[in-house]
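In the two complexes below, chain A is the common chain; its partner is chain B in one and chain C in the other.
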Partner chain A sequence: MSINHLSEVEFGVELPTFQPDTSLANVKKFAIAAGWNSPRFTDHEAARKEGLPGALIPGIMSQGFLSAMIHNWAPGAEIRLVDTIFRAPCVVDERYHINGVVTDIDEESGEVEIDLTVTNDAQETRVFGTAKVMIAN
Partner chain B sequence: MPNVHEPIDVESLRDQFLNSVFDEYELVLDAQKLADYAKSCGETAQKYIDTSNPDFQAPPTFGSSLQPKVRYPKGFPTFKGLGMDAGKAVSPSKPMRAGEPITVKTHMHDIYTKTGRSGRMVFFVNRMEFSNANGDTLGAADTSIVIREKPQS
Partner chain C sequence: MILDLHAHSIKSDDGRAKVQNYCQWIRAKEIAIDGFVLTEHRQFDNESDYSPLAAKHGLTILKGAEVETQYGHVLVFGVNDALQAAFDFTNINLRLEQVIEACHANGAVAVPCHPGRKRVGMAAHLEEFGIPKGVTIVEVYNGGSRGEEDQVAQHMADEQGYLGIGGSDAHIVSHIGRCATEFSGDIRSELELVEALQGRDFKALKIKQED
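This part shows the complex of A and B:
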């Protein structure tokens, strides 16, 4: 269900999870657009030579996935804060799940707080954080 | 830049380095790159992915991708210990538009510690603030670096 008004938001509700495109081609497109075009994000072999498990999804791209999830759920939401902690690397070409749960609703101001996580198929949290968004009444 | 091997004197660093702008530059955002940024993240809102949309603007987390030209204030010491990216927070307040000059200023916003059973960790938070040609604040992005202090040899 798409959220258009604050009155439709329920405390504790889980936002629809989505699986982002983590392919090397898409991460490279992102890295070029962001000005972060480094082999550690765009080349598995080069990343492994640096001791990494493979090319990494930039943390800022994970932030973008989280923001996209919020807009998929509430298209008119105005994001005021995305605060993230990168607990463990996310690797390109692996599958991740972008998750959110509503943890607070301020009915006067219209601010909604959402707990955010990026998890892998093993249900391990790789990124977690909080968003604050404004949703109109 | 001195290389410090003694325990980090957090109070002294706070007194010397907090809240002074140490990096400033201007940039102009490219519309197609902003749209590519948003689309590759899976964004669906038209104002972030359609460059012809009258309200086209940078996606909300874009500020996190910007970096200072200089990472630390002049004279800031280097430390013995493993430095890691501890997280990023971005707080947009007004749209960042393609084609308009944006000023990016960076200051050290906070230095604090957390102590656990395995020792002390020191966090350094750099804050970048974005403004347009009218001086309107467009938002801010914080980057936290943590250093886990190593035992002194």
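This part shows the complex of A and C:
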């Protein structure tokens, strides 16, 4: 269900889960567009030689996925902040699940706070954080 | 009584949760805990008084700290002025033995947390530094554990005869209460928490979160 007005937002409501496209082809497109065309993001073998578990999804791409999830839920929301803590790397070609849940609503200002988590299939949290978004009344 | 013994608020550098929202979340989602302990990183929060919030929501809200030693991170319960004078909570290179001795001398309890975690957990340092003296309790269930970390912690606890506690290690609102510790009696203060831990009558829990 899409959210268009603040009155539709409830404390504790879960945003629809978002499964990002973490394929090497998609990450390569992002890395080139962002000017981050480093082998650590685009080449599993080269990344492993650097001691990494594989090519990594760039942090700003993960933040982009989080923003996409928010806009899937509330297309008109103005994202003021996406604040992330990276606990463990997210590896290209692995499956991740992005979840969000409303944890604070300021009825006066229209600001909604959302807990964000990126988990893998083992339900381990790889990235967590919060977003502050403005939703019109 | 069930308490989440390991949580962080916005007072911690990587904490993103407001305490009032933890309370709201616990009640809205009917999380099966009776309260929590705020264990802020490298500090004790001397300023905040959460008693009105605790009363409003019918929860126990206590304060502790999470400090850093050569064996990794350590929760400290029962922090008082004397303990804060005994060592520098902001020092990231504390000696675990010093922390434990200071806790013993000042009516507090030290509990190595997420001991199965690489780098910041106690088990990773046993080969280099040996078995530390004075540890009696470790955190065996941590809500932020990945892979085999909790199993490593439990295995170490079993081998060394340590008791185990549980804590969510929540940094965001929705993670509160993922793990906790069940005590046989009521706990309403830091002093009562220390007595309960010293009484050794508790068990670690993992708590399933309902949607």
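Please note the rule applied: the second predicted complex is superposed on the first by the 137 of 137 C-alpha atoms of A that agree within 3 Å, B and C clash if a C-alpha of one lies under 4 Å from a C-alpha of the other, contacts with A are read in each partner's own complex, and residues count from 1 in each chain.
Assume a residue touches a chain if its C-beta (ideal position, glycine included) is under 8 Å from a C-beta of that chain, and two chains touch if they have at least 3 such contacts.
Quick caveat, the model's predicted, so the values are computed rather than measured.
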Quiz item: Is this a clash or a fit when chain B and chain C both end up on chain A?
Solution: clash
Quiz item: So, does A:V82 touch the first partner chain B, the second partner chain C, both, or neither?
Solution: first
Practice problem: Look at A:A33 in the shared chain and tell me whether it touches chain B only, chain C only, both, or neither; answer first, second, both or neither. | Solution: first
Exercise. Determine, under the contact definition given at the top, whether A:D43 touches first (chain B), second (chain C), both, or neither.
Key: neither
Quiz item: Taking the superposition as given, does A:E14 touch the first partner, chain B, the second, chain C, both, or neither?
Solution: second
Exercise. For A:E94, select first, second, both or neither according to whether it touches chain B, chain C, the two together, or no partner.
Key: neither
Quiz item: Does chain B (first) or chain C (second) touch A:E124, or do both, or does neither?
Solution: second
Quiz item: Comparing chain C with chain B, which touches more residues belonging to chain A?
Solution: B
Quiz item: Touching A:E111, do we find chain B (first), chain C (second), both, or neither?
Solution: neither
Quiz item: Quick one: which of 19-27, 91-99 or 109-117 on chain B sits on top of chain C after the fit?
Solution: 109-117
Self-check item: Footprint overlap on chain A, where chain B in one structure and chain C in the other make contact
Solution: 83, 85, 129
Quiz item: Inside the complex, what are the residues of chain C that reach chain A?
Solution: 14, 16-18, 21, 24-25, 28-29, 144, 146-147, 171-175, 211
Quiz item: Where on chain B does chain A make contact in their complex?
Solution: 33-34, 36-45, 48, 59-61, 64-65, 85-93
Quiz item: Where on chain A is chain B touching in the complex?
Solution: 18, 20-21, 26-27, 29-30, 32-36, 59-61, 63-69, 71-72, 75, 79-86, 129
Quiz item: In their shared complex, at which residues does chain A touch chain C?
Solution: 11-12, 14, 83, 85, 87-88, 101, 103-104, 113, 115-117, 122, 124-125, 128-130
